[in-house]
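The following pair of complexes shares a single chain, chain A, combined with chain B in the former and chain C in the latter.
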Partner chain A sequence: MNVAPGTHRTPILVEVERELAELIPGFLANRVNDVASLRALVSRNDLQSICRIAHSMKGSGGGYGFDAITRLGGEMEQAARSGDTTKVLALTDELEDFLVRVRPVFP
Partner chain B sequence: MSTEAVSGTTGTLLVVDDDADMQRLLSLWLRAEGHTVRAVSGAAEALTQVCIARPDLVITDLRMEGMDGMALASRLLADAPSLPVIMLSGDAAIPDALAATRLGAAAFLTKPPTRQALLTEVARQLERSQAGASMSGSFGAAFIHRSSTITALLEEAALLARGDISIMISGATGTGKEVLARAIHAGSPRKEKPFIGINCGAIPEQLLESELFGHEKGAFTGAATRHEGLFVAADGGTLFLDEIGDMPVSLQVKLLRVLQDLEVRPVGAVRGTPIDVRVISATHQDLEQLMLVGEFREDLYYRLNGVSLHIPALAERREDIPPLTGWFLSRHAARTRTSLKRFDADALELLVSASWPGNARQLANVVEQCATLAREERIPLAVTQRALRGHAGQIQTLKEARDAFDRQYLVSVMRLANGNVATAARLAGRNRTEFYKLLEQHRIEAAQFRSDLGP
Partner chain C sequence: MLTPPGDVLKDRSPPVALYYATALFLGLAFTLSLLVLAWNAAQGEQARAFARETLAPQERLGNRLRELDRQLGQFITLVQQGIPSAVLARLCEQARTREPALDGFALVAPDAGGNANGSQNLCGAAHDWPTREALLGAVAAFPESQDAFPLRAPSGGEGHQLVLAQHCPMPGSVERALMMRIKGTALLQGVPLPPGLGVRLEIESRGPLGRVTLLARELPARARAPWAPSPLVNSRLSEFTNYAVRLELSRAWTPAQLDFGMLASAAILGLGVTLLMLALARARELRIRELALRNAVIEVQVAQQTQELAAARDEALVAARAKSDFLARMSHEIRTPLNAILGSMEALMDTQTTPAQSHLIRMCERAGQGLLVLINDVLDLAKIEAGQLLLEKVEFSPRDVLEEAAVMHTLAAAGKGIELVTDLSASLPEACQGDPVRLRQVLLNLLGNAIKFTHEGEVVLKAWMEEASGTPELPVLHFEVRDTGIGIPPEKLESVFERFAQADSSTTRRYGGTGLGLAISRELMEGMGGRLWAENPAQGGCCLKGSLPLQAMTRAQGWAASGRRVLLVEAGTSQRESMKRALESLGADVRVGADDVSAAGQISASWHPALIVWGLKHDATDPLTALDTLARGCPAPPRLVVLLPALSGDLPARCAAAGVEVGIKPPRRESLLSWLEAGATMPDAATLLPPPAARPASARRSLLLVEDNDDNRQLVHVFLRGQCWDITDAVDGLEAVRLCTEHSFDLVLMDIQMPRMDGHAATHEIRQLERASGRPPARIIALTAHALPEEHERILIAGCDGYLTKPLKKKTLLDFLAAELTNLRMDPTSLAKDATVQADILGHG
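For the complex of A and B:
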């Protein structure tokens, strides 16, 4: 990512369980990796692998407290199923933007 | 399994998910509750862990690379039929949920699960299987099931077992009446003494009499030696009288006397022998109906029926079919010293949806046949279909089924009408003459339905 976290975009505050504090950085780092993988997969038109990543995002995001990731994963899975790579790329951009701006806060 | 007062039942849990983030999240939630957690990323590893770690519960993702959650569930069903499985799926597709439950999954949760939903379900399943295990000394293990109706029945039976009250078990052929009777005996203070069973319907009257009560040498032609009889043989233990409804009325009188006097007098003997026997009887017939037509003695009925237990037909508790199937498969493997076979998912679904007029006994036969016929480890749908068709002989003919329905229907209408034939005929939309004819055909007497409260 070429934008340093939070430098000139509005942060998104997300409340997450205190117990998950240790896991959050790893989880978000994996999603950053997903962004790179997704772009590479779109260029190879590997829809099946895109589906798998999107499905995982959908399944795990909400559990960690990031409903946005679950929503993006769901939409991306749909888009990949219908072969809409433009939509997949747009959603990947959205995911990247979210990852840059998100600030986990612990209640 | 350790028990912690704060968080309720805790156990060893196996988490199966090919997404590492999901594994970590679920593990953290579960460990925070005091559970011991093992997490693996595939079904194959899960099967190994089931053998090594002996988990109390499996939580698996539905869609995984390689063997998916559904295949894992069907495999676990054969390997560890009593191990509960919670299935997680990214899609709330009802067909998936149905298929999963049919394959024996105890619960189905949509991903992402909320912490609360997951922990509640885990606690529920652990409590359930622990309740089953605490009973399983004789009951849970002896009577394979997953349905709550059978759990409730076994709980009642376990309590009754400790006492000495006579028990009457009702249920259709093949539902497991003898299995239940044996479990009651095994859970009773009489368990060290013999359990002796006899089918009262399968033996001619005179033979049945001497089988039950014994005879002296020379008591009748052919009685070359003294025979002590089953009551004496079962002394201190349990005597199981199967198909009691088939016992001839003349013998019913003698049986009643034995039960009243607690003393048995062998045929040809002068003096009686005191006996201490608990009687469990069973029938697939409607004894109240037999009493009405004078084929079963009322006094004997009340003597035998201290308390009654009813085993529902297999078709009324289909959730018991997967664990029973798994159990029959393991039994087959053990008996034949062959490797454990398992049903393909679609084959298992066929078993779950079949009609099973012959109940668990028929299921046992079909599973045995499939396991014998299948050349590979997996039993395919085609083999299962063939085995089920081969057992079509146990299916009622159309006439039998219609007659059974008519009888049932007529009885309920007559009950509704309090035995008033004119009213019943009107309810049934038939004229009186026609209706009378039907009653006669099915030997149903109007008087049986007239209560003092009726019109």
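For the complex of A and C:
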């Protein structure tokens, strides 16, 4: 990632169910991998794979409490379907920014 | 694709050459006939002119000949009388001088050979003149046998002197030897003859001379112009006793002498007619061309219009699809964040908040819920408009549907202090066939509306069944929702059913709402074959009435009079009357009182209740003391029930402590029945409490989780930790099908979008597998991130029993599985549709 976590950006606090605590790091790490994969796929113009990753993000994010990831996934799926790689890249950046700033909070 | 107009013309051009040839032929034939006629007319004119020209010479000739003939006659008479020759000679001389054409008379003496050449000129010198005797002698010498003198044409003498023999039929007559000599040239003397005229004068006698030409002047132009038309000829024969003279006049003529004005007129007229005919042919050709062109243009236009129509239809179809798609996507895109907002609000409410914060959070939540309702309404309407409204035909209890609809609004009504009354007739059948989900949707809408627009008073849901009037007709379910609210102006009674229409636009500001509820309800009712309309009752408020033909499956249940005595204490008149009717229809002996005092008056030694039902208004005081007093008035302690508008506050707990059962207004028939049953002590309130989210893991249930996404699988595992579900994982459809061949599962959570084999195909395979092996079907619940209604329908068509929308929320999943557990306990195969509906509601909520 370009920016070290929590350097100068406002953290985003996301409330996550306590019982999911053990899963969160793995989930977020997978999303960080997704960011790298997405960038690579955009350079290869592999829209189908982008679509798959985006759809998966859309379907899983909210379950963990990360509704933003579901939203980004949905938008990205649309963008990939319409072949808008610029939008995909922008959304990938947004995802990265979110991952950098997110702070899971357990009630 | 389209034929260019030019080609069409070429293909269809008429035989133009034929038209032109006919026109030309007819025109030329006409011209020719006209010219021939004109020529003939012109020639006739010439001939007439010539005939007039020849009249004068012919008459003159005729006159002279008659004169000569008379003189010949006189002379013969004189000769016969024996006039001396000298006198005859003198007379002859006088005749010759007076008449220039007469050369004189002659006596002819035939020679021995019979020839008449021995002629003598009588008109010569007087001495020549023979005596009478000589003359008679000469005559006598003539052979009797001869018919005529053998005369010769005169030779010598002057010019065209001709001799005419007068012969007499009497033999021996003097006339036989007498001749008249005529000067042919002088016959026509004194007649003006034009220079170009041909003249021919011939004399015919009965004598041996035959025809002799007296005069001939040939036409000068005859030989020179071989192509000239034949000359004009006019001849006239003057006949006398012994001879005839023929005058033939001829004149050459050239066409140049004809009247060219007439010929030219004829030619011009003919040519004009020819041109006219050609013009007609041309006009016809143009007409045909124009027609062909017009036809071609029309054909092209029709083809274009057809294409345009097809294009328009395609566009409309695409637009309709796009609209449906757009709505689904939009709703999904709005619902996802909205769910997040609502979830966050819910979570926030559970945290420590100040009253002000709670208020704000509630406002947020209410707004969010309103937005969700709007989105669902819009989707519903879109679905109905797109003709995607699929009506079910299942057996259901109309009473249940009506009661459930009322129960779902008890909280709202209680919150506003409105009495909610259900007045359901005993005529309602136990089971009908139809679509309970849509009916419930309509009822919920109507009740929701009524409560929204009512500030005080009551909302009454009344329903009854009208028996079918004939065999082909179905029994009709009538229902009405009457309120004591603001009412609808009479002129707006119809327009409230229009989309986004409320009776008054200001109501939108005051009461909120989308204005779609009634429109959807009417569409639904009409879709089911029923009607929905609004009326204004005399007592104010408004009344929405519906009628719906329904096939009755099980008739209304009758209840024998049990004689069980019930004392009903209820302040509200409508509520009291409807509850009294309901209890009486169940066989009870009911007495009523508006308050504790009037109720106490009903109790006597001969009539005391086994059950006292006390209906409580939302702002009523604690009824327990009064109830206790009433109960004490009875010889045997009656069963006591308090009906509350809502289960709130500490009253339910205090009632339970006092041994008083608690129910909710309006009571359901089941509740009334259970209270009427002797000895039952189970507190009814328990059945009204929401079911516990997690059920005891008394029986383990197997669950197959088909999900390619690792994160989501883990999530479900964590959510279901400590539950009764034994989870088996499958990472795609293929693995799921394989697992299903080896094991059977109670429930399958099936992701739809997966690599290798997707959820649709896997479900299809599993269903086939189950049919083949005859084992009971597993409940298959789809997991989908799509909000498209089409997608949801596809899921159900593929064989799924219901669906959950992703992302999965813990509460949604647990509630849903709890409901599934209930279904599994009751009957694994039934209630499939209810699960779908519930899933739908949960998915939306």
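Observations on the model:
Basically, the second predicted complex is superposed on the first by the 107 of 107 C-alpha atoms of A that agree within 3 Å, B and C clash if a C-alpha of one lies under 4 Å from a C-alpha of the other, contacts with A are read in each partner's own complex, and residues count from 1 in each chain.
Keep this in mind: a contact is a pair of C-beta atoms (placed from the backbone, for glycine too) under 8 Å apart; a residue touches a chain by one contact, two chains touch by 3 or more.
Note that the structure is a prediction, hence the values are computed from the model and not measured.
Comparing chain B with chain C, the partner in contact with more residues of chain A is C.
When the two complexes are overlaid on their common chain A, residue A:E19 makes contact with chain B and with chain C alike.
By the touch criterion defined above, A:A90 lies against neither chain B nor chain C after alignment on the C-alpha atoms of chain A. Looking at the shared chain after the overlay, A:R71 reaches chain C, while chain B stays out of its contact range. Contacts of A:K58 after superposition on the shared chain: both chain B and chain C are touched.
Common to the chain B and chain C contact sets on chain A are residues 17, 19-20, 23, 26-27, 30, 52, 55-56, 58-64, 70. In the complex of the two chains, the chain C residues touching chain A come out as 329, 332-333, 336-337, 339-340, 343-344, 347, 350-351, 708-712, 714-715, 718-719, 721, 751, 753, 755, 783, 785, 806-810. Across the complex, chain A meets chain C through its residues 15, 17, 19-20, 22-23, 26-27, 30, 52, 55-56, 58-64, 67, 70-71, 74, 78, 107.
For chain A in complex with chain B, the touching residues are 17, 19-20, 23, 26-27, 30, 52, 55-56, 58-64, 70, 77.
On chain B, the positions that touch chain A within their shared complex are 19-22, 24-26, 28, 32, 61, 63, 65, 88, 90, 111-115.
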